[in-house]
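In what follows, a structure is listed as structure tokens, so that the remarks can point back to it.
For clarity, chains are labelled A, B, C, D and E in written order, and residue numbers in each chain start from 1.
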């Protein structure tokens, strides 16, 4: 302790003092001027709740939202990965038209705010896809059937399946552009000699990509992909704007129902932080074997 | 003519509701029309109306919570069959969707910040120095723009946000359907009050449905007519808007 | 010093036929009017100064590059950009690169089996058996389960040779297989190549290892500025070259 | 060949005092029990094999690194991490690096004036006058308005020396000032250093230029493995070294 | 010796530039037309003719900017203010991070981790609903601060990379002529690192303009908000969203072109 204190510069003390002043000011303001009545004691109820009628603990709004956020993130990242790989390969294609199309898609997504992209994709694409596949009826059919536990485990309430899927589609499409750029960088980082060697043992272009280029590129792109995944979890909060019931949407609902503005938002922020921070810790650990 | 009639009725949303065996109702969280109770379940006036409607139609009911400013586009693009969400009839909206007869008449009142609007007459609100807050796309927004064209108007996604704005002194006043303003005034008596006793534009709230569907409109009108006559609607309305019985089910 | 291989002339089927070949990179002419004919089992060494088009020629033989005029026929298949037989051709023609180009994400064994399994659709067990056989042949059977990065340059190059052999190719092309190697490793690779030469495979080899050329080559081709300047048996090549340019080149290269 | 400088012993004020100094990098001991005392006007050359701690020692003298045990007193100022006098010390002690470390975004003149102006708060005109004086001293007055990248290595190093001189330092430290230079430039820098030595400034210089050491050094210090193995006058150093290790080292270094 | 004309194959034809452009144009037309017709088939009533009035109007009072242009102005103003603040905060965070201050470094790392792991939307809600009332920030200030703080984290990493790109010898050179750390930063390190920082910084401006759209959720009257308000008035959702997207694209593409210009200039200079 002594040693630690010795290492402190006088500026360190200034910083500590400033932080303390800020904290005291906030407490003062909230307690005094704002006369906000904190109702922290109500919050745990919205995380887990004991249902007396069913005699068991059930996840309430915030956890439901959190689980939805996790589901959306996982499925959207799979979709983004698949589309991103296609896009990345297209970006390296020998055909100019393919390259230009991929580039157009990419530039659109890179130059338009995510909020706007999400609205456009939502109204223009995911809606159409859901309608075209008649997904609602199908999902409802499952929701009504008795043995839907597996479906429920993977997708939550099947009645809300279309909303989940549109969130996944929107987020997946949106992120695929960035994944595509990572994949392209990965592919282009593979030495030309590797492709020639593959070709000279008679591999077709597809085999060359499948067995030689992509596996090697994959290794190089893993760290940026991990970062992208964290971005995706963060961006998933945007799907609340299109009424997908994720953590942010549920928090908005909670605030609208109970007016616990401070508590609800602080808890939601903490949830996001915990997920993203543990993910980045995990990836950092994995990166250095 | 025969075939037009057939295709009209088979294309009606009523028909698809019967076929699917479920009616999908779009709504947005809006005390006390609809809100989340302690269990995280939806409760409120709309929920009672929706469930009763489904029961009478002999189908299941599914509520689709949607942000308010996207609720009409969502209806138009077929995300649900009907909006039952305290939506009041306005000409602008009516150009895009059709309305049933009103099923509730809750006039709007002004909720104002006490300190900021001390001694204001109704005319005083119509000034460039005054800031109103309202929910984007909601009726009060249109009414405010209409009544107080000089005032600045800020639009939010959620109703709670505008009340909080007034509470925090960022806006002078907001307007919304009773009982929200009175309730808020009761909760923060030092800061908030309802300055005028009169309710503005009690035009009535109605179901909104897609255009070109006379069958559905007829059905909903008659259902509302029946429920009004039997007093069921008024009883439910009073329960949620006048009563306090439900308050302990929703964190307050 | 030179072993006299008489077996070469035994079969006379023409495996590689190059006639009047030109090749351009943009405006730069890398090959001008090249003619070359290689019979089955023949061992050809190509040498010449840097930039003379050796690599270009050899890469045109298995379609890594395509010529712009003239014709190239390898093992009966015309080498052309849009040929449907390109894949077949490449399976028949092995290539060993200066930079080894092993697949770093696969073990040695997987490097050797991936071609046979995915291209020739041979069963895994069979492919592995064959791979081990050829690893034995290049004297590193014990390295099967390592990754390329764990091997020395010489070992990697021998794996690259084995990889080509696993495809059971009838023609092997080498592009300066030893020039990226440290001196002590050059010999282990050359030894393997000499052994290979004795199996009767058709070999075309770009190299500056004149000891190797003298020992195994049936003919030595000297290129300069995109042209074949001289083709001769090793004896004639080293003792009595025709062109002045070749004499100069030999003077330089044998200095080392 | 050796000029006999007798002036050195004239003033005997101790400028640098190093006693029992240890220095660790993590677990690795870079300096062990180093003692050194340098009087005003003395010229010391430090030599020794790579990794022996020469740079570490010299960098400890002006607080670019800090020692872990023992004491270092330079010009009356104790060199310690938290010392308030560190800035004063650094103004008194100039340092010339192997890599020059000129500021590439400033012209030569600005390189020379920025220290005096910003650190010593000297007026611009005065600082420029002084800068031109020292540029003259290192024989490149005409380069004042160029940028470092436009100069040769030898010129850059002379600018670096001038930059230190502009601070009017009383002690100059050199860390292998010529070893990043091409042979033809080494002499132009060494010449400047010899001239500098004649001005009576205190100099500590890490170098392997033994001709220079013989010509200007009052004492030569030989280091190995973080220790000072031998300190001697140039005469004794070159003709009659005590330690075996030094003989070996000299054998190697004088070979070149 | 002339090059022999090679036979034209399908692959070559497909890869040739004019054909590629034709295919590209065709596919784009297909997508656009498909979207247009698809929406119409769904009963959507396109009203593009109503759009120009939102850009400008020519009335008796003369030329007037429409709502979208006003919103764009606001977006740019908002972004630039936030960017200026973000640069200052970012420099501050980067310097703290690189300093020897134990607490200072800890604080900056904590701040960076917090910002890096927080969705911008949630951060905005925190700034507006939680910090807003506490420090009595209005929505404009709150959104500027939120954007500034969020981007300060990204900008501080740019600063840090730029500063770390300066060789250690420059520090030693500065120290050895007696400069303090502050002087070394001020006169030696920062002027040099600007060269490394300028290109990513201009990229960050584009990023910030895009982020700024999010403040529409708290009703700051910028471009996206204007768009959403117009939609709630007119229900022309598709036309307005596409127009808004196009406006953003024009602005950011112009900036991106500027960025690559800057990059080129600085690449040549080194």
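Rule of thumb we're sticking to: contacts are C-beta pairs under 8 Å (C-beta built on N, C-alpha and C of every residue); 3 or more make two chains touch, one makes a residue touch a chain.
Computed from a prediction, not measured in an experiment: that's the story for all the values here.
*Asks:* Mind listing the chains that sit against chain B and also against chain E?
*Replies:* A
*Asks:* In the chain contact graph, what is the shortest path length, in steps, from chain A to chain D?
*Replies:* 2
*Asks:* Taking contacts as defined above, which has more of them, A-B or A-C?
*Replies:* Counting C-beta pairs in contact, A-B comes out ahead.
*Asks:* Let me spell it out: compute each chain's centre from its C-alpha atoms, then which one is farthest from chain E's centre?
*Replies:* Farthest chain from chain E, going by C-alpha centroids: C.
*Asks:* Between 0 and 180 degrees, and as a multiple of 5, what angle does the rotation take that fits chain C onto chain D by Cα atoms?
*Replies:* About 170 degrees, rounded to the nearest 5.
*Asks:* Could you work out how far the Cα centre of chain D sits from that of chain E, in whole Å?
*Replies:* 50
*Asks:* Centroid from C-alpha atoms only, then distance chain C to chain D, rounded to Å. What do you get?
*Replies:* 58
*Asks:* Can you check how far apart chain A and chain E are, centre to centre, with Cα atoms defining each centre and the answer in Å?
*Replies:* 20
*Asks:* Would you mind listing the residues of chain B that make contact with two or more other chains?
*Replies:* 73, 77-78, 157, 164, 168
*Asks:* Spell out, as numbers or ranges, the residues of chain A touching 2 or more other chains.
*Replies:* 34, 123, 240-241, 255, 261
*Asks:* Two or more other chains in contact with one residue: find those residues in chain D.
*Replies:* In chain D, no residue touches at least two other chains, as defined above.
*Asks:* If we count contacts the way the header does, which residues on chain C are in touch with chain A in the complex?
*Replies:* For this pair, the touching residues of chain C are 62-64, 87-88, 90-91, 93-95, 97, 99, 101-105, 114-115, 118-120, 160, 163-164, 167.
*Asks:* Would you pull the chain A residues touching chain B in the complex into a rising list?
*Replies:* Going through chain A, the ones touching chain B are 34-35, 39, 42, 45-46, 49, 51, 58, 60-61, 64, 123, 127, 131, 137, 140, 159, 162-163, 240-243, 245, 249, 252-261.
*Asks:* What residues on chain B touch chain A, complex-wise?
*Replies:* 20, 22, 29-31, 35-40, 62, 64-67, 70, 73-74, 77-79, 157-160, 163-164, 168, 188, 190-191, 250-252
*Asks:* Would you tell me which residues of chain E are touching chain B in their complex?
*Replies:* 42-44, 129, 132-133, 136, 138-139, 217-219, 225, 228-229, 231-233, 235, 237
*Asks:* What residues of chain E sit close enough to touch chain A in their complex?
*Replies:* 14-15, 17, 19-21, 23-24, 27-28, 35, 38-39, 99-104, 107, 113-114, 116-123, 125-126, 129-130, 133-135, 206, 209-214, 216-217, 224, 227, 237-238, 241-242, 244-245, 248-249, 252-253, 256
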